[in-house]
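Some structures to go through are shown next.
Both of the next two complexes hold chain A, though its partner changes from chain B to chain C.
Showing the complex of A and B:
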């Protein structure tokens, strides 16, 4: 536990030492994808449901936050709330359908993927609102109230670094509170043995849905941040590649841990930036890393480290 | 009348697993169900716990029908079942296994206020439950293994853990599916002692078992099944001396005795 606290402390102190825009940018992407990874892991690693719906939530929230902010002249943070609400409604619909019909493993993955594709097609073809495949340019900036200087926009790598880090920290805190309580016990029971969970009085449908809702609601913030940070939104946000990338991060970092997805996100966003490679070569490297992890350390980086530590303690 | 089974039948694609079985379990009773392999004992118990939906007939708990309810609801009403092949969360510790089973108790204690517990505002309840978990583990003689992974337990210990988890659900009636099968002699004694303690504490028990000796020592009343039908009901001695039971269940000629225990 102290090790993890130290790690977070280091992350918060990093910009005091590191001034390189290049490195900070890697961390910013790491944090945004980290939010996506952690919330995906809540559904996949902790509750055992392989959801392919995350890109849909990510994309819808990116579009909605931007469109609401522009059309109604709302500040970024106010606009994220209806987006999170939309994510919850979507997750409620998709989750209810899937869990009511008791779709598991691949069936659940395929059906959530189909729903995500449906949403992608709507976004791609709703030209009047979404500008179709051309996408939208996001020129706004998130603002925060800073004592002394009033409401200031978030600009520059250091401000973005802290903004995304705080959002990631909050996400991890919320998830760890949920997982550390009876809720987490129910999620784990469902992942490990659904039938047994049922006979112990756990409403499997309700807790699967709850996990899905929390995961999707929190993931929506990643979408909003990503759109504002990159300044550009297009239907690529919804692509199946996003699902694969998040899954890869979680598997690489360690499923069923909160730290794992962040480490995975760092390796998979950082490495390709750090080593300047052609896109095809990069994709191959991705694949090679993934195959290596699954074969050599199926628990992922963090899972393997935890296992080593508990072996040493024992 | 606590639990009543009325004309219960279950057909699996043409196979009649349970046919028109009726009986009642009174509060505080220990009822045993015996029968040869494939006679429908487990199917009957599963229907009583809501794990299977009966083809015909009904299960009444305190006067209302429960056969169409979901198993988690039935567990919440106080009818809890254990499994013949022990079902545990192998990747969790023994303590955590039983703690998962404290879900219903927490729900009863806090209701929707358990949302507060997520924020860390209802710690006291959680601590009390952890104490209950330790008590239940001690009762089931698993206190020493609390930190072990459930997957590393022996078969007998796993069965005890299954029982401990069921107990944590605060059952009014406990449905036990062959609790003694596969256990060693000492473990059977231990199990019998735990069940006797539960009975003294007022829990109603309904158990299915092969070991007639085990049932004879515990059950006040025994029901015998064969090919899904009830063929006898009465005190253990009556049932064990019943001609139909001896023929069907023991598979030996009348007079050859029922000493196999």
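Showing the complex of A and C:
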């Protein structure tokens, strides 16, 4: 535990030492994808449900936050709340259907994927609102109240670094609170053996839905942040590749841990920048690393490290 | 109007048969060996590009199909030996290895053939006229070949010793081994056959549509939908699933906006999964 606290401390202290915009940018993307990864891991790694719905939540909240902020002149933070509510409603509809009919593993993945694709098609073709495949330019900035200088917009790598890091920390804290409580134990029971969990009196439907809702609601903030940070939203936010990328991050880092998805997100966002290669060769390398990790380190980076440590302690 | 709908039904059935051949590969590999090969679309892409390259160099199309299948099957053999055989009965790992492979194959084909779509010269020009509907001859040939292949596969598995061995292996690999089934050889054979089929699908696809390196990803999704619609493990179900999916998409875009073409198939798929979780033709 102390090791993890130290790690978080280091992350908070990092901009004091590192001033390079290039590195800070990698970290900012790592944190935003980290939110997505951690929330996905809550559904997949901890509750055992392979959801493909994350890109839908991510994209819808990116669009909604921006559109609400522009049309109703709302501040960023106020606009994220209806977006999170929309994410919850969508997750409630999709989750209730899937869990009511007891769709498992493969089938759950396919049905959530189908819903995500339908939402993508709607967004892509609703030209009057979403500007279709061309996407939207986000020119606004999130603002924050800073003692002394009033409400200031968030600009520059260092401000964004702290904003995204704080959001990630909050996500991890909320998730670890949930997992540490009775909820987490129910999630684990469902992951290990759903039928047994039901026999023991756990309301499987309710806890699966709960995990799905919490994961989707928190993931919506990643979408809002991503749209505002990159300044551009397009239907690519909803693509299946996005699902695959998050899944890859979680598996590479270590499923069933909260730290794993963040490590995975760091490796997969940092790697393309660290190696200077042609785009095609880079994609090949990415594929090769993915396959290598799955076959050689099935527990992921963090899982393997934990295993090594407990072996040493024993 | 009837004519338009009928035309879309026929067109949908032909496109659906293409989905069906991928669905057959998915169903076979998953049903028999427990391996999820989500990269089947890439073997189809390989088959399509090999056919295109050979045919443009002057090889007659029917001859070019053979090396296309062989090369796709060889790529499948290597992928199985190197990666897929370690993902048996592990769905998520199979999916991830496939994603890695998709990434590798797609970029390799971009390096070899660039990302610009290419089109083959007409193999069999002309169309048959049935009433008021014109049917391109090549499409009919493609449809016929796929139906023959799927039915032959079904018969081969339903009527021969090989088929019984495969079903035994699917149910209980260890017991099958004790009964004298050479299981590693069977697994390799299934992998070779499914990827070779995908290569054939690609070769047929090349004669009708333009090719691009990303084509595999789209088709494997449709194939997966078709396989689930028909019921995983059901061979004839994969053909029917594909055809139904193709027809729904075609007819749906006559009455409803074309932009949502992909959604019609998905909506029906979701509805069917909720009512019959094992698919239309799946048992259990």
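By definition in this document, the second predicted complex is superposed on the first by the 314 of 314 C-alpha atoms of A that agree within 3 Å, B and C clash if a C-alpha of one lies under 4 Å from a C-alpha of the other, contacts with A are read in each partner's own complex, and residues count from 1 in each chain.
Criterion: contacts are C-beta pairs under 8 Å (C-beta built on N, C-alpha and C of every residue); 3 or more make two chains touch, one makes a residue touch a chain.
Predicted model, so just to flag it, every value in this text is computed and none were measured.
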{"item": "First (chain B), second (chain C), both or neither touched by A:186", "value": "first"}
{"item": "Chain B versus chain C as contact partner of A:178, first or second or both or neither", "value": "first"}
{"item": "Touched partner set for A:198, first chain B, second chain C, both or neither", "value": "first"}
{"item": "Chain B versus chain C as contact partner of A:69, first or second or both or neither", "value": "neither"}
{"item": "Shared contact residues on chain A - chain B and chain C", "value": "none"}
{"item": "Chain A-touching residues of chain B, taken from the complex the two chains share", "value": "49, 51, 70-72, 75-76, 80-81, 83, 87-92, 96, 99-104, 106-107, 114, 117-120, 126, 165, 168-169"}
{"item": "Touching residues on chain C, where the partner in the complex is chain A", "value": "83, 86-87, 91-93, 95-97, 99-104, 106-108, 110-111, 217, 221, 224-225, 228, 257, 259-260, 262-263, 266-267, 269-270, 273-274, 277"}
{"item": "Residues of chain A that touch chain C when the two form their complex", "value": "50, 97, 101-103, 105-107, 110-111, 114-115, 117-118, 121-122, 124-125, 240, 244, 247-248, 251, 279-284, 286-291, 294-295, 298"}
{"item": "Interface residues, chain A side, partner chain B - complex", "value": "177-178, 181-183, 185-186, 188-189, 192-193, 195-204"}
